[in-house]
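Right, I'll just put the structure down here and ask away after.
Should a chain be cited, it is by its letter among A, B, C and D, assigned in written order, with residues numbered from 1 in that chain.
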Amino acid sequence: MHAHPMIAAHPHVRGSTNDTLIRAVEECYGCAQACTSCADACIGEDMVQQLAQCIRLCLDCADICATTGILATRRTGSNEALIRAMLGVCEAACRLCGEECERHAGHHDHCRICAEACRSCEAACRDAAGSIH
Amino acid sequence: MHAHPMIAAHPHVRGSTNDTLIRAVEECYGCAQACTSCADACIGEDMVQQLAQCIRLCLDCADICATTGILATRRTGSNEALIRAMLGVCEAACRLCGEECERHAGHHDHCRICAEACRSCEAACRDAAGSIH
Amino acid sequence: MHAHPMIAAHPHVRGSTNDTLIRAVEECYGCAQACTSCADACIGEDMVQQLAQCIRLCLDCADICATTGILATRRTGSNEALIRAMLGVCEAACRLCGEECERHAGHHDHCRICAEACRSCEAACRDAAGSIH
Amino acid sequence: MHAHPMIAAHPHVRGSTNDTLIRAVEECYGCAQACTSCADACIGEDMVQQLAQCIRLCLDCADICATTGILATRRTGSNEALIRAMLGVCEAACRLCGEECERHAGHHDHCRICAEACRSCEAACRDAAGSIH
């Protein structure tokens, strides 16, 4: 991830980065990957029928994290209220997905790791939303 | 767009569709395309420097509309509060982008048409959010 | 879908549109929606375990169609070889997904409609690739 | 990025990972972020008109890298020819975007870092395509 040097080189940022927001960018890209991976792993499990809700929440969370990572990357010219609202939706998606994955963490390692990724991204989004005025 | 017959054939829907939500799905996909197109057209204009904010809002709006269209399509298994929150962000993104495009509508036909697409999608998202309980 | 008037208003197009490519844009957005919907419907079926491959091909096809629709929308400034290559991948993804959905068309209406959307998008991508020199 | 432990935990992988492909997954997510950031930085430069082609190639490359990262993450159930074809398109997109960014590397640090990210992702996609049989 080159998120920090890339954003620091932006003509409207010029080195004075919001590191809390950059951390959320990195967490969003990482969580999007983890959720995409967990959804596919769940689809491959014998007990897939019990994992239907987990698959859907993982797919939703992956899409929301990806868009939040893009918006927070492209933030300079954007409306800050919009980024804050998107970070709020992402925090909620990560909480829901993390709670669902947690339920299957004892049986499936991919759910255990994905739950950690979701909790970590949830916290980063909450911090980032608080850092934007 | 096959949104209506596809969603009507979903095993958890079985014909009793929420047509207000399906309309929002169609509007979101259409608005995502219009905003992607408007951003690229703005990049090709001679006065591109005056259109920087328009390009960014179009790119943000395109990404948010695409994700909202996917979430509202995949809604059956999802948390309704999450879809409602995402529809709210999309409504805000469309309002901001529509207002900015409106400012350039006299000079650029692509901004005029994109502003219409945004306003139409904004209304559809607001109606859809109200239709989910 | 405002694809035609939007692309016709682009400063580098100025009315002389490639209508075969615009049709592929519309098909790609439509097929992305259908495949997202079919994947979610398959996840909700009792026989979900037999539909695992169908779900994955639908998710792959949805992502590829979405990106192809965006690239073909934003084509003016892009390398035409890249768009042609992407249209080729999209044609292949639609063929694979359409064949898999076809196998379940007798049991599931969503697979039947999705197979039609895939075949239609496959043909539109093949035509569009041929229309770019 | 949790790509390695996530994919290693997949029921169809069970620890025997293709580490060359996992490296491509990580590079794709990282390059998608860098290209999104570079496009937005270019839009903010005074000389934006000279950067129009750079912005478009960055946006195309970001979208292609994102989809390739998802496909390569979700590979287990997918057709390997499709993943290989997508890795080929991604390699081409990264080469084109890297060459264009390289031209502006002397003036803009974001273009210099983005060119590095593109070259690194290009190599990873080529290696990964060769690792799939």
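Points to keep in mind about this one:
In this text, a residue touches a chain if its C-beta (ideal position, glycine included) is under 8 Å from a C-beta of that chain, and two chains touch if they have at least 3 such contacts.
Only a predicted model underlies this, so the values are computations on that prediction, with no experimental measurement involved.
Judged by contacting C-beta pairs, the busier of the interfaces A-B and B-C is B-C. Each chain's centre was taken as the mean of its CA atoms, and the one lying most distant from chain A is C. If you average the Cα atoms of chain B and of chain D, the two centres end up 27 Å apart. Separation between the centroids of chain B and chain C, computed from CA atoms only, is 19 Å.
With touch defined as above, residues shared between interfaces to two or more other chains in chain A number as follows: 40, 43-44, 46, 52, 55-56, 59, 66, 70, 74, 76-77.
Listing the residues of chain A that touch chain D in their complex gives 1-3, 5-7, 9-12, 25, 29-30, 32-34, 36-41, 43-46, 62, 66, 69-70, 73-74, 76-77, 108-110, 113-114, 116-117. Note for the complex: chain B touches chain D at residues 40, 43-44, 46, 48-49, 52, 55-56, 59. On the chain D side of its complex with chain C, the touching residues are 52-53, 55-57, 59-60, 63-64, 66-67, 70-71, 74, 76-79, 81-82, 85-86, 88-89, 92-93, 96.
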